[in-house]
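I've put the structures underneath this note.
Each of the two complexes below includes chain A, the first together with chain B, the second together with chain C.
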Partner chain A sequence: MICADLKVVRLILYLSWRDRLLCANSDMQQSRARLFKEYKEVQREKVADPDIQLVCDDTNIFKWTALIKGPSETPYEGGVFQLAFAVPEPYPLQPPQVRFLTKIFHPNVHFKTGEICLDILKNAWSPAWTLQSVCRAIIALMAHPEADSPLNCDSGNLLRSGDVRGFNSMARMYTRLAAMPKKG
Partner chain B sequence: MTSEYRPRIIVNGTRRTRTFHYFYCRHCSRTIRLRNYGLYGPLCPFCSREINLHDELDIMRLNQPYWDTDTDWITLHLINSTRSNRFNHELVNTDDEFADVLPNERAGPPPASPFAIEAVNTVTISEENLAKEKVCAICKEEFEVGEEGKELKCLHLYHPSCIVSWLNIHNTCPICRSEVSIGVSRSPIDEGRSHNLDNVRSNRVRTRVCSLWPLQMMFDWVHNLLDVRITNKQ
Partner chain C sequence: MDSDDDMLDAYDDVESGEYDTSSDRDDDDDEHGHGENETDCGYLVEDDDSSTSTRCSQVNYVVLKEEDIRKRQEDDIKQVSTVFSITNVEASVLLLHYRWNVSKLNDEWFADEEKVRRTVGVLEGGSLVVAVDNPRKVKCGICFDKFRRIKIVPVVCGHSFCSTCWNGYVSTAINDGSGCLMRKCPEPSCHVAVGRDVVEKVVSSEEERDKYDRYFLRSYIEESRKMKWCPAPGCEHAVEFSATGMSASYDVSCSCSHRFCWNCKEDAHSPVDCGTVSKWILKNSAEAENTTWILANSKACPKCKRPIEKNHGCMHMTCGSPCKHQFCWLCLGAWTEHGGSTGGFYSCNKYEKAKKGGLYDEAEKKREMAKSSLERYTHYYERWASNEKSRKKAFGDLQVFLSEKIAKLSEVQCIPETQLTFITDAWGQIIECRRVLKWTYAYGYYLPESEHEKRRFFEYMQGEAESGLERLHRCVETESEVFQDGEVPSEQYFNAFRQKLNTLTSVTKTHFETLVKALENGLCDVKSQAACSKETPSKKRRK
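== the complex of A and B ==
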């Protein structure tokens, strides 16, 4: 009797596991469909937002790169920064992973890895965000650094100790070195 | 005498009585060394923030040197961590594309309870709805008149499958972040407050047990099966 019950339970577990696998697959199709929508949207809006240039990898729709312009009236002005996006399969239920490929001196960006400390890329993610709006959020973060949750401590400490001038000149120097075309 | 009781460490084969504690500071992502820490626990000398005691590095491991072949980095292991690899990775800074995020950092709001998900209003999409919202914020597909949709209490509209898969992970509205909970819209039968409270509590326990992975999988599957049967009958 118990044996038979166990068999039933095992069968149910197996079937649900198989369903789960199938579901995972459909997850991927959903994220693909959504990314394709975003791709079309990006093509349509290309002119609308000149500060962001979002490009999808030719062979893999889950890999994107973006070029964003440093916001004006910040030490990043005049620089062009490259971002790399890795979109997870459960997207948009999970946030994309984004990092800076261009070196940047910013309290919320890891100086070596380019990892970005931004709540919407972590616990405050919502599927209503798109890759484009994530880029906008990153531009906003560049203009308003959060010195209290630093990934780059040197930069955070400069700001927290009130040395805005020191911070600005460091940030501008790295913008010139890494984010601007070399002269001559 | 007192040195007998002091914890000793062996560094590169020599026994040292002076005890340094090595920690990994998550805020400035670097290794720090402290001789002793006062009443308030260890503080990072660089960012003067508190350091989690679990982030103590296992300096004993240095006995079996752990040199990387092409870099001159020492890798240290965290004592109480199953994720020590992640930290190696950060200390060494390899060229790997993405350092994975701590799971608790990514946690966000908790999942909605199955009862709350069931309690979400199902509506047939009309022209009025379309005037307010044209696309589903989750899949970005356009709504069509006559289609079935789910409307949260904050009046935001989604496709049923989209919003259910989101609520299974987090209990907030994707657009306005207002919490989705049981209660108001469901208005349970009033049988005295205490009874209600008990109910809520037992529901919570039940939800917690049910959300264990194999169980949840099973329940979901049975639920789906029943759903299919019911729709077939209709």
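== the complex of A and C ==
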């Protein structure tokens, strides 16, 4: 009796495991297909948007990196910043996880981890966004920092106290240190 | 439809009852008695009629069943859609956005319809666009695959997403929580709201549709300021409360028999106010890790030291044989020292006395202020918790009595069940009194020590009430058992029992009414009553 029961239990476990795997696979298939389309789009658009350079990992389509140019007339001008994308399986129903690999002094970017506080990467995500449009949104965030919800409090405080000059020089310094090719 | 009419009738009655109360405010006794009876009905779970609402003459609240809530919600939607001449779906979107506040929506809509439409995301001429089959293929904005027009879900704003992606989008939102009610079109720049019709069209899973439906229903209650869900686990009723400013109490009793304070959603706690209760509950949770809880649950027999867990309602304990020691659960003193016969009256509510009889002397008390405050808290907590336990026990006993014992008793004693309601009434009274008594201990804890007069008066009344309640509880718990077995079949004895129980019930009721009234007006007539309280103990002694 016990043996038979165990067999049944094992079978049920196997079936549920297989179902979950199949489910996950179908999710994964969908996001893979969509990412592949984005990949092709990026290849075509490369020339169209000179500020963004999206690169897919050679072995894993769920890992991407991007190089974005600091927007002009900001302390980030002239810098090139590297972003890392980790795309979850339910993508595009869930947003990708993005962080700065290049050190940046910005109120909405964590100074140590590079985590980005941006509504479209959290609750305001829409599946119609793409990795490319996320990059565009991040460039827009660099140009328009949101000092009232800071991840980097020092940076946020400078802006909130009205010390734009202090903020600019700090941000500029870190851009020079981390995001520009070293001279000599 | 019948049930709806009933509900409306009951609703009308409530309103008229309310006016009666205000006009007959002076006639206290009558009014109070009436109110008490009505309140009793609340927890006697006799599904006597199919009326959809429980009403209470004194307090103005209505218990709403799910059908009632749906009906009201639909009525609101219908009203808005008729007045604005829009579809029901659009009306629900608007109402969701305006938190079901019909009048606010009305005002803003007629002030600036364009603006409301824009902010909420309801386009003009917004009934569903008809799908046309067009040989040209369209790209879905989510999966980027190309589809024939017929595969694209037609929506008002005209943005094209395939049905699979729509399903994924809406399902994800539903599984994320109530935010699914306020979703916009997936196109980031588009503000058009996703209405119920789209949800029903694109979501195939029955479970997710149900979930959406549930959120939709819940929002109607949760956004409302006049309605709240009954906090009892598993209960799906809501209670609408109309504050009139007349009655200080927010106590309501749901038709699931759970009684709670509508204001703070804790268990019903009149006559003690919400502030004291929340302080007390916070205090309890902070002290919970101490041994105080264990203290309230098991004690050693003062004579034979065997650990005893109390599983009967009243405080009169009898240790198991061979010890058979009778003692008071609260003070652990011999029961012979309790009650009127020995000259001392029930005084276990008096912390002062417990302290004197205990290990404390004045010097030690000063040195160990910290310890004493814990002791003081323990004293009140124990009594609070025992009364709560007794209340629960009594509630269970009442259920057993109603479901089993009443029929048996009626058979053994050859008395119709309708004539046995005096026992049910006694149980009802006990449950209500245990509840009040429980909260008076929270009140007592926060009553400043410096207010000697008030404290004495309060403790005196509490003591009177408690001793009456103990007598009643004891009587109904043990004496009714005797008749159960048919060992004392004499009608004479039973009549004596009936009379005794009736008297005890009414005496206890009077005591508690006095106590509640005194606490409700903050013991403000302490001056006039002080003299009285000095006299009465001697009177009692003579009895």
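Definition applied: the second predicted complex is superposed on the first by the 163 of 184 C-alpha atoms of A that agree within 3 Å, B and C clash if a C-alpha of one lies under 4 Å from a C-alpha of the other, contacts with A are read in each partner's own complex, and residues count from 1 in each chain.
The rule is short, and it goes like this: contacts are C-beta pairs under 8 Å (C-beta built on N, C-alpha and C of every residue); 3 or more make two chains touch, one makes a residue touch a chain.
Predicted model only: the values in this text are computed from it and were never measured.
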Chain A as common anchor, with chain B and chain C clashing or fitting: clash
Which superposed partner A:A128 touches (first chain B, second chain C, both, neither): both
First (chain B), second (chain C), both or neither touched by A:K112: first
Superposed model, chain A: greater residue contact from chain B or chain C: B
Touching partner for A:I120 - first (chain B), second (chain C), both, neither: second
Chain B versus chain C as contact partner of A:N168, first or second or both or neither: neither
Which superposed partner A:P150 touches (first chain B, second chain C, both, neither): first
Which superposed partner A:Q53 touches (first chain B, second chain C, both, neither): neither
Chain B versus chain C as contact partner of A:A33, first or second or both or neither: both
Which of chain B and chain C A:T65 touches, first, second, both or neither: neither
Touching both chain C and chain B, counted on chain A across the two superposed complexes: 30, 33-34, 37-38, 41, 92-94, 123, 126-128
Contact set on chain A toward chain C in their complex: 30, 33-34, 37-38, 41, 90, 92-94, 120, 123, 126-129, 133
Residues of chain C that touch chain A when the two form their complex: 141-145, 161, 165, 168-169, 172, 179, 186-188
Touching residues (chain side chain B, partner chain A) in the complex: 27-30, 46-47, 90, 93, 97-99, 101, 105-109, 137-141, 162, 165-166, 169, 172, 174-175, 177, 214, 217-218, 220-222, 224
Residues of chain A defined as touching chain B within the complex: 9, 12-13, 15-17, 19-20, 30, 33-34, 37-38, 41, 84, 86, 92-95, 97, 99, 110, 112-113, 115, 122-128, 130, 149-151, 153, 156-157
